[in-house]
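In the two complexes that follow, chain A is the common piece, with chain B as its partner first and chain C second.
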Partner chain A sequence: MFDLTLEQVDQDGAFLDAVEGAFGRSRAEFLSKALVTGGVLLGALALPRRARSQEDDLSILNFDLAFEYLQATFYTEAEQLGTVDAMTAEQALWARTLGSHERAHVKIIKSVLGKAAVKRPAFNFGGATDTPESFTKTAVAMEDLTVSLLVGQADRFQSPDLVAAVFTLITTEARHATWARRIEGFTPIGKAFDDPMTLAEVDKVVATTNFVDSKLKTVAEGDPRFTG
Partner chain B sequence: MRGILLVIGLLAIGGVAGAAVALDFDEPPVRPPTWPGALLPEPVEPAFTPGRPRPLAREEFLFHWASVRQRVLARTIPAEDAPTVGYLETMTPEATTNVVSVLRRDTGSDGELWVKVRLAALPNGMTGWVPRDALGGYGTVRTQLIVDLDGMTATLLRNGRTIFRAAVGVGTSAYPTPTGKFYIRNKLRRYSSPFYGPLAFGTSARSEVLTDWPAGGFVGIHGTNEPELIPGPISHGCIRLSNADILELGRLMPVGTSVTIK
Partner chain C sequence: MAGGMLVTGLPKLATSAPSATMDTEILNFLLELEYLQQAFYSEATESGALAGELSEFAQAVGVHEDEHVAYLEELLGGEARSSPEFDFGDAATTEEKFAQTAFVLEEIGAGAYIGQGPNLTADRVTKVASLVSVEARHAAWIRAILEKNPAPRAADPPLAERKVRAEVAKLNFS
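Moving on to the complex of A and B:
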């Protein structure tokens, strides 16, 4: 057993490239930069609590929904491709359980947002769901990132009952991260405190993975030239 | 010895206190006003609670497809130095994203991930291996279209169950509709030609006779301005439906759907 770094978790994976590209070589370096940057950004951009509106809550919740889409699609795709079937029984139980949780998260957040819910983006995991090795490594990094996202946003909700609800997600996602680390043979809890991340920081990490794909054009309006 | 006596003493005190609490079941315990818990607000009710997680159902009729993101050569086996069997473009002749049916995935001798795909090329039925990097994200469909040339019917299945059936026009003996396994590549609508009806699907099937047809001689599934000819061997290889049927099919059949023509 040894302490976890992103480099160890995500060897040859998309998150390593993304985080290194965005913030530096090691996770420790990345997080120290993120904390400094986050503090500056929050200090400069955060509105006084009384000035926040319901729109802010919806925006944050929609970002969380987009991230839950990412996670749910990731686990579902690995299962549907048969990648999970190729794992050990313990790993498969973990993957199927987390997949079912993430789908439940999507369902409830979508129903809370109603018509204001963002649509599911197109995703391209670029091979991360194709093999058990790449899948589990990416899952560890993804679950850690989820915890940082939720920890960073929970107290930004104006509605106390939304804060309470998001805390129920945080504890679940933290256990996901712990289980994922256990599956990969890493120390279940890497450090004494979880590091909050701003939406911009999370967005930047996700953007550099290229997991969010552009929409495909499968419908056109030109005259057909089929044989007839 | 002194320690043992202390433990016995504590147990005795605890027993008496426990008995007192146990006997006092009619009255709730009164907390002194100085106890901080008495001043705490009521807990907040969470705005939502996720429902019961559900495992993914076992899906026997799930088909995968992927978009082509880089122009790439397809090879006979998953290896960079293997013979090529054709190439994949990123766009179709109809200016839609080129999608391919995904058949298998494997790690090549180079350690890289490769995907076996169905090619929209002649001879019909050809497959090839391309690097995973050349493809976009995976899509899934649960639909299969079965075209019966003898019976001149098209049947759409979802999860193995029939959800649509219609009479069709098929290729004449001079311009036969090719048989085999194919997939839906795109959907065209709002065009001006009445010949194709209101909607047309592009497939990966190609005419083996009309090889010099514009845009490659692809076989479509479309409506018609001559519905009275359906069913019958009437086309240049395309599968024609009544306009009402093609519109219904347009509602039910997504791009990526597996197509079997037999």
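Moving on to the complex of A and C:
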């Protein structure tokens, strides 16, 4: 059995390298340092002046951020409730690895968005984080949904650098999904192509879970230019 | 390697803006990787040398690679290059070598798509995005079988075209 190494989180800077072109080298370098040291108040940074097309990019990124919040909170809650401790060693390693990745995704997407980042919505997972069984079942569905979300958004970014950045996340989420499915005894891979989903379709699925107390927003607080 | 893009390389790849000409170059490059994977899994499953989950993996992944090849060939139409010949030695037909080789091939495949997918024109990006996720699923599955971390990083790095060719050359399947 391999070890969980948190240092490997974005160790190659794959995501940050990709966003560098979209938001400038100095910002990427700063984010890279922030990612390592953590805990830096990144939201205080302003985004560079942006063209109209970047506003659309930011709306999509904000939706992705809201979804990453959902995932990260889900895994963190299961860790805090002791649900992860009650799992088999393989399941626990899987849950902790995914939790660390989702928290890293929140941090890096939030960093890219800076002040335009939406706030973390309030979540209520009901009993889904209470037992290893309900947790893993929900996680499988969530990871597959994330793949479809990102696949669906890949061609919608105006910035080629953001398209490149999303590719580095799609594969990670797909790995999560297959790992989760295998642990749960499902067929690890369903089809030769993953179905893309629109933001509206994903939003609808999320709504059926009642996990989000305040509706998932693609609109930045206090920024009326975004229309979601 | 037997000829083709895997040896000669792509002209000015990743330095030019997306275009139809570039799409053809990129898709042919990816098609050649898919040909390699397809031939590998086909030989493995036909040999009957694999058992248990490895066999299940080879069957499932082989079907996916067939579909990926068919899709890329359809996209390329008359521009599609034909498959080179491959000689896998016993890499496809002994369990341990099969698993190691599948792991390498899938990671190369995922890295190549991450590297080149974003360089395609917008209407090609979605389908290739829905394909790269499946390559990553293959990689995760074979990693799990090999007891390697299926998802070792929070963001997967792209593999430059030159490095893809170097990795493929190391396998010595020409």
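For the reader, a short list of remarks on this structure follows.
One rule holds in what follows: the second predicted complex is superposed on the first by the 161 of 228 C-alpha atoms of A that agree within 3 Å, B and C clash if a C-alpha of one lies under 4 Å from a C-alpha of the other, contacts with A are read in each partner's own complex, and residues count from 1 in each chain.
Definition applied: contacts are C-beta pairs under 8 Å (C-beta built on N, C-alpha and C of every residue); 3 or more make two chains touch, one makes a residue touch a chain.
Quick caveat, the model's predicted, so the values are computed rather than measured.
Legend: residue contacts after superposition of the two complexes on their common chain; A:116 is shown touching neither chain B nor chain C.
Once the two complexes are laid over each other on the shared chain, residue contacts for A:125 go to chain B alone; chain C is not touched.
Legend: residue contacts after superposition of the two complexes on their common chain; A:177 is shown touching chain C, with no touch to chain B.
Once the two complexes are overlaid on the shared chain, A:97 sits against chain B and chain C alike. Touch criterion not met for A:199: it reaches neither chain B nor chain C. Of the two partner chains placed around the shared chain by superposition, chain B is the only one that A:76 touches, whereas chain C remains out of contact. With both structures placed on the common chain, the touch criterion links A:213 to chain B but leaves chain C unconnected. In the overlay built on the shared chain, the residue A:163 is in contact with chain B and with chain C. In the superposition on chain A, the residues of chain A contacting both chain B and chain C are 97, 100-101, 104-105, 108, 160, 163-165, 167-169. On the side of chain C, the complex with chain A involves touching residues 18, 60-61, 63-64, 66-68, 71, 110, 113-114, 117-119, 122-123, 125-127, 129-141, 144, 147-158. Taken together, the chain A residues at the contact with chain C in this complex read 1-2, 4, 8-18, 97-98, 100-101, 104-105, 108, 147, 150-152, 154-155, 160, 163-179, 182, 187-189, 191-196.
The touching residues of chain A, when paired with chain B in their complex, are 76-77, 79-81, 96-97, 99-101, 103-105, 107-109, 111-112, 122-127, 129-131, 159-165, 167-169, 213, 216-228. In the complex of the two chains, the chain B residues touching chain A come out as 43-56, 59, 62, 64, 67, 69, 93-97, 99, 105, 107, 113, 132-133, 136-138, 140, 175, 185-193, 195-196, 200, 202, 207, 210, 213-215, 217-220, 222, 235-238, 255.
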